[in-house]
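Every chain is named by a letter (A, B, C and D) in the order it is written, and numbering of its residues begins at 1.
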Amino acid sequence: MQERRELSPTKINQDLLRFAFHTPLWFWIAAIVLGCIFGAGLVSFILMLIFGLTLLGYTNIQLWGILITNFVFWVGISHAGVMISAILRLTQAEWRRPVTRAAEVLTVFALATAATFPLIHTGRPWRVPYWVFPYDFGRGIFPDVRSALIWDPSAIFTYLSSSAMFIYVALVPDLAIARDQSTGWRRQLYGLLALGFRGTARQWKLQTIAGILLSGLILPVFVSVHSIVSWDFAMAITPGWHSSTFPPYFVIGAVHSGVSAVATLMAILRWIFHLEDYITPDHFDALGRLLLVVVNTWLFFFLLDMVFGIGTRDPNELAIWELRIFQQPFNVLFPVFFITGYIIPMGFWVFKKVRRNIKIMFWTSLIANVGMWLERYIIIVPAVSDKRPFTFTWIPVYQVQPIEVILVLASFALVSLGVLLFAKFFPIIPLFDIKEGQVLKQEIQVGRVRVPGIIRE
Amino acid sequence: MATTAGGALLGLFQDPVKVADAIDSLREAGFDGSTLKTYTDTPYPEGAFGEDPENHRLYVFPFMGALCGFSVGLLITIGTQMAYPLVTGGKPILSIPPMINVMYEGTMLGAILFTVLGIIFESRLPNFSKAPYDPRISEGYIGLLVSRAEGKADVAERAMRAAGAVDIVTQPGSGR
Amino acid sequence: MTETAHHHTVHTPAEATRDLLNRLTVTGGGLLAIILLAILAVAGAVRLILLAMPEPEPPTSWGYAVAILAFLMSTAQAAPILAFATRLAKGYWGIPLRRAADLLGLSGLVTTPLFIIILFQLPDFHGRTSTWNDWPYAPHLYDAVAICLLTITNLAIIWLTSVPDLAAARDTRGSRLASFLAMGWTGTKRRWNILTTGTILLGSFYLMWFVYVHMYLASDLAMALVPGWHSSIFPAYHAVSSLQAGAAATLLTLLILRRLAGLERYVGVDPFWGASKLLLGTSLLFFYFTWSEFIPMWYGRLPYEMNVLGVLMFGPFLPLFGLSFVLNFVLPFALLIWNPIRKSIMGPTFVAMLILTGNFIDRVRIYLSSWSVAGPVGMSIEVWPPIRPPALGDLAIIVGALSALMLLYLLALRVVPPVSLWEHKSALLLTVERRFIKTEVAVVAKPR
Amino acid sequence: MAEVAPAPGTVQNPAGEETHQWGMVIDIDRCTGCQACVIACQSENNIPINDERSFVQHRAKEWIRIERYWEGTFPNVKARFLPVLCQHCQNAPCEPVCPVYAIYHSSDGLNVQVYNRCVGTRYCGNNCQWNVRFFNFSENEWPEPLGSQLNPDVTVRTKGLIEKCTFCIHRIQRGKRTEKRNGQPLRDGDIQPACAQACPSDAIVFGDWKDSNSRINRLARDPRHYELLGELGAEPVVVYLKKVDPNAVETAAAQRH
């Protein structure tokens, strides 16, 4: 189903390595702007260190808020990488080739950004070492593995390191190509990183197996990560959080937002790097069809959570759902979330014309992620603002403070900066994978028509 | 003509079929298959050039890794609970279900880490060899390296040129 | 370059047509089997009517009947989804099993009446926490409608996907029934487009109804009966374990067909290999969903949830739970991670048998336990109900339902070939083995 | 658990069998909502003054608080009061969710918050269904000269950690020390937390569930007893006694018709 384009290896090298070797002006501008936004986030974190969390809009029962929402959101985005590369590698989907690495890179930076949020969100970040690692043998102070907040770092650490290694393994052949194509210090750097890879038959065989094997190994991690994140909430007996369907619900939601984010990223890459020959409407078509399946599965779990949450007829549970849907300010957010998160994507992506229109795909996938961000907010925030009926806890207004907004913006800047820098130094589109597609493509003559085909091992 | 210390020389081809022919004629000329290596910038289907089949033990690594990761996870989870026996939430001092979550992550981390190490090891990396090499390989040329060709260098060269090599490289590669 | 047809089948479309269509004749053994199965089915039906008609017995005596209903719905009626999935993904490996899977959906003709009868045995819903907050006619009306739609959709799929084969039967063997069912089909371009699009559409409808039916099978026939059991993942668990069992049922059927109908030329190792990956994935999902249901309850320690755990998993029903856990997750996982086992015909089939057994045990665990506590309404269960061994009547129903399914299947095989002929031919067109430089490679073409 | 008293056996004590299981009985019928317990707690435990701003922000810290409910409609409206403090649950939801063991269940049945170890993830606050855990959003300050009346037995908590009722653990410790020193066992009522001590109507009674004829055991046999959010199965050690409604019969009759 790939559009057939004849791409000579030389052209592929030039196109995909250009940005790594030459630095256009816009790169500096973008890097500086993003850096400034990130700096603002850094400053506000320092302010939080000095003045404490009084700067946030939290209250005595609204102890978690936007920062945790943002954490869950970025963990969700980070599921793009494995979703795309692992599943598409395992199913040998031909259109994966240009997409995989960008998705994996997005994974790594999104996950790293996400991981910072619970840490800066603690009351005393300087004591975080107590939390994440059993190091204080002298005083016998260890983390308590019974806490979901211990499962969480372990899962995120596993996922982060695994996907980083995954990227590197798949990057080695391209580093070798970059080594051969570059000169001076670049050549030294790439040569060192490429470990002397030369592309012998053995090396390629292992490279191919590695793609499949690592995908198969990372998939279970990928599922476990967001499940465990969801258990940060589901383990609590707080009404609205204590729902057993959270793990698959969170995972599929993560896939929804993640794959949408990949679509957005592909559109951006295509524009700024002029990759018209590599990222074609076919890819957005395929992504869109994948997303159609994902978004409807997501709807199923969303309905499960809601129907059976309300079906309990537990007054507190009902109160939470009433708050989520009918009360200020959620009565505004909920429709917005559902329209942007489900109706708009579903309504647009069912049409092939729309799926093949990159501009529309860019905007709709962006909108879908607005919806998914709000989804997390609506899951997390109301549940704690009205836990149990005490007069002391009439629903307090959670006034979002500017500093929280700055931190959220900074997280977006950080992820974009990370991806940009990676793309600056390394090929963000796997060269050897594209070349393989060129080698393996075949055609089968059926009557008059030549049906495009591909070699399968 | 002068060959490198290893007596290795590299033929550059543009057409994969010609590489296959070259390998055939080199075999006839008495070169052992293990001394013939192809350099490509992208994977070709296995055995496309009629080269010797490669076998590896990569599948052992994930299992070893999973085992190590599992035992480490077991040690940490049991150790922390036993070394600091505090009751929380009326749960048993040794609570199995939470351990399973952590041990699972440990197992998977071990498996993946060992797999990556296995891939690097089995592809014989890092290997900054001085054998002849040519950057043009990254531009779609296919290199055929004949190692241990002392004395028979000219035979090999003739065979490869006959098969259609566009160039023969003999000066050692830069390593990197 | 030399081109040869892929898929272990070195023969022309014409041969395939003749060969497959000649299998539509009734043999002596077949007749005997049909008669025997008919008798068993009738016996089961009689027992069922006796149980329902004169004065309905208390819910507790219906456990096994519900279990076999759920078993059929989770295995045979889930199979068509496998066929749909392979059609959606344009996976050629699935072509040999599509017809076998679709035909398994005929179990709808068994489950629909059974389901409706059982719906009316449900205890009064008033005061129970079900997802229907005292809606009119709930749940009976909506569940009945849903399963009827499910069955009808499957019949439509079977008919639509076999029309070209029926036409072939009409043309080559002049069969009356075939020519009636083929409705004057001729393979014009337009009709082929309608056929393929329609198949995908019907398939997605089937998937939707399937999920819906299982959601309410799980919530109305199980969760609503156990006080305090509202774990929102359970319906999804029910559906996912059903997909696993559906794939398993398909593989088992496929093997039997392969042996009995001598389909070695058409059914190679590909469908088993491909489906075994699905089995592996779904057995992982089985663990995932079970675990996700268990751990919040265990962690939250809410009294009524501990009670539910006691009734379903760790009380008297622990042996059944453990057994199904081993048969549905541990063994399939331990076996299927090895490619040599996956890439064989007996390996996946053996695992499929394990899974089917496990699924039956699991359904007995769920429905026998929940129908045993069906009596009192309240937030607490005084005593966890024990396992009731099946009585003769229960066995009659179980055997009857299964033989009714087999009966329908055998009858259907008299009308449509066991392998989807037209899809087989399209695969012959679009997959070839080709010479690439020095080696033989398989080239797969996928039309846009 | 037994009729009311939480069975001590439900909690395994690595530190060996404990002789005490501290608990409390609160008689709603006696509570007048005078807030004396709140003030006593504030001054005993070095809790900062709750100014208007902290209330507006919903960040007021009251280790024990008086929930006030209005019943009926004007003019015949009744006020009901419900003192709520940490229930020191035996299956405390707040305990296992802490990643750093900052909360654990002590062998004498207390739900202990270890300020030193708390990193402030605030998960415990989310999972406490009684809302009796309080986060220090900023450093605690006292206007002069109040700073010089702080209780030396109780730490002043810094910003960024969770604090909550301790059953005046410093008094319990002092009591145990005297017990050791004098050699004779504590008598019921020797140890009193500030709130119980300050309660003018004697609605709050503190004691030891293990001591079968302690006052709380005697009071808890009252049929009026109930647990706050008892349906969660957290097994609080605080037992409440219902308010006696003088015209319950009439209201019941009214409800019937």
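Note that a contact is a pair of C-beta atoms (placed from the backbone, for glycine too) under 8 Å apart; a residue touches a chain by one contact, two chains touch by 3 or more.
Owing to the predicted nature of the structure, the values given are computational and were not obtained by experimental measurement.
Student: Is the C-beta contact count larger for A-C or for A-D?
Tutor: A-D
Student: Where the centres are mean C-alpha positions, what is the separation of chain A from chain C, in Å?
Tutor: 35
Student: Quick one: chain A and chain D, Cα centre-to-centre, how many Å?
Tutor: The answer is 44 Å.
Student: Between chain B and chain D, what is the gap in Å from one C-alpha centre to the other?
Tutor: So the centroids are 65 Å from each other.
Student: Distance-wise, how many Å sit between the C-alpha centres of chain A and chain B, to the nearest whole number?
Tutor: Taking the mean C-alpha position of each chain, the two centres sit 30 Å apart.
Student: Of all the residues in chain C, which ones touch at least 2 other chains?
Tutor: In chain C, the residues touching two or more other chains are 295, 299-302, 436, 441.
Student: Residue numbers in chain B touching 2 or more other chains?
Tutor: If we look for residues of chain B contacting two or more partner chains, we find 44-46, 49, 84, 86, 88-91, 101.
Student: List, in ascending order, every residue of chain A touching at least 2 other chains.
Tutor: Within chain A, residues 141-144, 146-147, 150, 220, 231, 235-237, 455, 457 contact more than one other chain.
Student: Name the shape of the chain contact graph, picking from line, ring, star, complete and other.
Tutor: complete
Student: Where on chain D does chain A make contact in their complex?
Tutor: 57-61, 65, 67-69, 84, 93, 96-101, 117-123, 125-127, 129-131, 134-139, 159-162, 229, 232
Student: Along chain C, where are the residues that touch chain B in the complex?
Tutor: Counting only chain C, the residues touching chain B are 294-295, 298-299, 301, 436-439, 441.
Student: Enumerate the contact residues on chain A facing chain C in the complex.
Tutor: Residues 1, 91, 220, 223, 227, 231, 234-237, 242-248, 300-301, 304-305, 307-313, 442-444, 446, 451-457 of chain A touch chain C in their complex.
Student: In their shared complex, at which residues does chain C touch chain D?
Tutor: 299-303, 306, 379
Student: Can you check the complex and tell me which residues of chain B touch chain A?
Tutor: Going through chain B, the ones touching chain A are 37-46, 49, 51, 54, 56, 58-59, 62, 76-77, 79-81, 83-84, 86, 88-89, 91, 95, 98-99, 101-102, 104-106, 108-109, 111-113, 115-116, 119-120, 122-129, 133, 135, 137-140, 174-176.
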